[in-house]
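Note that chain A is present in both complexes that follow, paired respectively with chain B and with chain C.
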Partner chain A sequence: MSGAEKIAVTVTDIVPLNDLVTRFEFKRTDGALLPTFSGGAHTVVEMQDGDITRLNPYSLMSDPMDQTAYTISVRRDDEGRGGSLFMHNNVAVGDEMVISYPVNLFSLDLRARKHLFIAGGIGITPFLAQIKQLERFNGHWELHYACRSESLGSYVDELTGHHPNETHIYYDDQDQAIDLVSLLDGQPLGTHVYVCGPKGMIDWVRKTAADEGWPREAVHYEEFLAPQPGKPFEVKLAVSNKVIHVGEQESLLEAMEREGVDAPYLCRGGACGQCETTVIDYTGNFIHRDHWLDDSEHASGQKIMPCVSRFEGKTLVLDR
Partner chain B sequence: MTIQFNDETFRDDYSFYNSERAIKRFPFPFHEDSYMYSVNMEQHRGGPADSVYEKRFDVDEHYVAEMRDRAMVLADDPLRCQSLPHMTLAGWDLLELIMVSKSEDYPDLFELHRDGNNWRWINKPLGIDDSFVFLDETTLPYGPMEYITRQAQGDFCVLDQRDDNLWMDAGMVTTQADWSLDFDIGMNFFEWHAPVPLAHEKGIFVRALKFLLNIQQGAPARRLNWTMTVNPLLDTSPENYHKWGIQKTTLTPENIGAKQHLRVELQTFFRLPRSNALVFPIRCYLCSFQDIMTVPKWGRRLHRVIRDLPEELATYKGFIDNRPMMLDYLKNFDDGQPTSAGIWPDLETEPSLAK
Partner chain C sequence: MSKFTFPESIRSRPVYGTLEARDGSAHLLVADAHGAEAILDVATPEMMAKAHIIYIPKGEAFEDKLRALNAASFYAGPSYAAAEPRLRKALADAKMGLQVYLAGTEGLMGQAQNAAMAAGIPHTAIQTEHRGSIARRMQCVHCKGITEDVETDPFVCSHCGLNLFVRDHYSRRLAAYQGVCIDAEDPGNVPSPKGIYE
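The block that comes next holds the complex of A and B.
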């Protein structure tokens, strides 16, 4: 079986936060307790969208010790392939859904003397759970959170209200920006930095930290990529002995699942490495979008991550 | 099912013994007539009734005696139990996992009563009835990991997961096959596996680590490992090599059936929820050669495996000098007949030894 263990849940609350972001609360349908989790974990939500099963990862933002309910926040992506639109438009209180057990690819380094969080937009969600976890154990943390505007600043009021000294907010439309170099410079020894937000922000923080001499192990990041639409293509699956068609609006992983091929996955966002697949033969170009393979592996033409990456060309044969 | 706990020792007079039931459920580690290292991992979700795979944490007739032996080892050498400061939360995770599993799987032996963070733990075999506050260390006589692993058979390594590696940052290790927690503490997966022959070259550790990093909550895994021990010793540590190493030379053709033990480790892997750490319980089962020989299939197979085992492995496992004497004994139980696949004894279907 692929993916983490599943849990049957019921949607118990839906709260629109602003024009783009809505919060969903899940409780177990059988009334039992949910598993505890560690701050930074995500769950994969299954959406039955007509004939299509969509599986999207969302960070858990509720208190990790609260076993009665999980909450996630979903940002509407009008350009994407529809997972977030489905959550916004088709999900109602009382609906039964299936989510995965928590999986953490962005956990706190508990050795850190201090945790420095840098969030952009919806990237705030894993930090909300991590902050609750650290508060319980008197952990030392500080948050720098960049939002587009006051009206789109999800959870700003809650954060500044409860943690006025630890929280620093920056609004793009007011030309406020994080002064990263001096921020990093002023940190005590033993600080770990965590960044979650758009790709540009992650790259900026990682590069700046590296330039400032921060050890790689002290810089943590998480970016879930949503699979992007693209030109349709054909793939031959050597083990299953099938030729399958990947449509414009589906990922290669989804196309394999649609055809009944049991392909491994965990994050479905190019981060965990579970779906790594060997390329047997190809003529054409890969559109690699994952964070898992390094540049030389991308260039080698020997591996592909089917959850987010695509292909354009004549032939592609995979060992699956 | 009630368990009759043995009154036995793993030192001095070695009164350890296996009942008939214990022999039948012994986790014989060879599924075919030869052995080589491999990434032999499977899901840990129960198994045949009364097998060692059935429960999350197997409790058997040796429980009380093993816990007594552990307490003696710790009294002599407190460094067998260590936990780096950032691992306390993982210790609570482990305490919860064991208490919940044992009270659900053995309700007649263990009880857990929870009212918020106020917990009461009853361990009937060891005569313990403690109330404490979950996540408050000051309410327990030891740290959470030490407290619970003094009441759980087998060694425990608690691994921190970071930087795409696992780090041995906590553990309770008193029944080990010649390695030392005090030496390995703080090391990563490749560092502590450095002494193992052949497996690195075969890429086993790279693949095994990938698998372990992806073990998720609610989906534990397991594997078997094995070695040889003369006399039923639990504590075969490097720290005490001067005491047990010499016993390997006391083996004779007359006493080998009783003294030579196959030592099997049931290794399981659980993701811990609050800390995202991984716990690696290593449960040790001992069985004398003469008891193993009561299962004809195992007798045939053990002879073939030991005969054909690569020299590097026999050396690493520490029985290369005694191998000829073992084979002289074991060959009497191998009549050359074929063996059925898999590890189970198959007593009803496998033929008895042809004379």
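The block that comes next holds the complex of A and C.
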């Protein structure tokens, strides 16, 4: 069995927050306690959407020490592949679902003297758990949170209400923007910066921090990529001795799973490295979309991350 | 010649590099003895305008050359112990964007790295370059005493007097290598000391 261990849960609460974001609460179906986790962890939610099993990662936003329930917030993506739409349209209170044990690819570095959080939109969710974790230890943190508008500012009221001195909100439609250079300049030695949000925001924070002389080790980011649709292609799996067809709307990883091939995974978003697969032979071009392999590995034609990357060409043979 | 190529060893053993100028809001350079040469190599006028140099000459005649770099702040002192309060104050006042450059002996770099780590800098973000003496700062695993500038293996612990074997196991927390009694099983059977890398 690939991926983290599974937990059978029941949906116990659904709260629409605004036009785009809805919060879901899960409790264990057997009534037992859930595992504690660490702020920044995500769970992979299994969705039985007709014949398709969707597996989407969502950041846990509840108190990491609260073992009675987990909560996630799902932003509806009308252009996406359907996971978030399924959660919004097909999931009801009382439904039984399967989620994975928490996996953390975005944990706090507790050696930091200060934690500087930068969130964009739904990227606020891992920070909600990290803030609750840090508050227990009287940790030193500060949040800068950019939202499109007041009406789409998920959890703004909760944050500004509980943490008025640490929370700074920026509304795009009011032309408010994070002054990043000034923000990074003068932070005390030992500050770590964490960013979660759209790719452009992550790139901007990483580049600005590097330009300002911040060590790479003090810059943390999490970006879940959703697999993008693309042209269908065929893959030969050498170990399983199968030729499989990857459809337009599914990822290579999902196609392998559909065919009963036990392929490893954790994040399903190009970040964790778990699904790294060796290419035995190929004629064509890779469409690498992960941020696990480096540029030279992408260019080498020897590795692919099946959770988000695709292929266009005549033949692709994988060691799986 | 102040450069020495250390033989390959276990993962625990620190590996030193060559200092390179990095962009930063301020630059803290700490060196002893021939470490001054590494600073002279890496220094640029732009860096020196925002630089604080802390230097322990240990009898070497580089102080005037370093002074001539016109760093924003320059200090020369007789020992690391004498320089340490200044180093800790500089780190306590520093902001993110500070670049740290260490050069010279292993003992100096290890102790300064320890201070920088304690101030919140990841150890992998601290640049180091070995120059000069290949002597080591050793901790006796039996009495925990530190013996500085150990050049031979085995050596006699300056605290408890045991004959200690020089190991490559290194502690960043202590900024010292491990020294282990070499004649515990057969007291008095001590190989004659030779240079650590001979």
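Simple rule for what comes next: the second predicted complex is superposed on the first by the 320 of 320 C-alpha atoms of A that agree within 3 Å, B and C clash if a C-alpha of one lies under 4 Å from a C-alpha of the other, contacts with A are read in each partner's own complex, and residues count from 1 in each chain.
As a working rule, a residue touches a chain if its C-beta (ideal position, glycine included) is under 8 Å from a C-beta of that chain, and two chains touch if they have at least 3 such contacts.
Remember, it's a predicted structure, so these values are computed and weren't measured experimentally.
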{"item": "Which of chain B and chain C A:G190 touches, first, second, both or neither", "value": "second"}
{"item": "A:R111 touches, of chain B and chain C: first, second, both or neither?", "value": "both"}
{"item": "Partner with the higher number of touched chain A residues, chain C or chain B", "value": "B"}
{"item": "Contacts of A:M65 with chain B and chain C, given as first, second, both or neither", "value": "first"}
{"item": "Partner chain in contact with A:W214 - chain B first, chain C second, else both or neither", "value": "second"}
{"item": "Partner chain(s) touched by A:V98 [first = chain B, second = chain C, both, neither]", "value": "neither"}
{"item": "Doubly contacted chain A residues - partners chain C and chain B", "value": "111, 216-217"}
{"item": "Chain C residues touching chain A - in the complex, by the definition given at the top", "value": "22-25, 91-92, 94-99, 119-122, 124-125"}
{"item": "Chain B partner contacts - residues on chain A that touch it in the complex", "value": "4-5, 35-38, 40-41, 64-65, 101-104, 107, 109-111, 133, 137, 216-217, 266, 272-274"}
{"item": "Residues of chain B defined as touching chain A within the complex", "value": "84, 86-87, 89, 160-163, 210, 214, 216-219, 273-276"}
{"item": "Footprint of chain C on chain A - complex, ascending", "value": "111-113, 184-191, 211-218"}
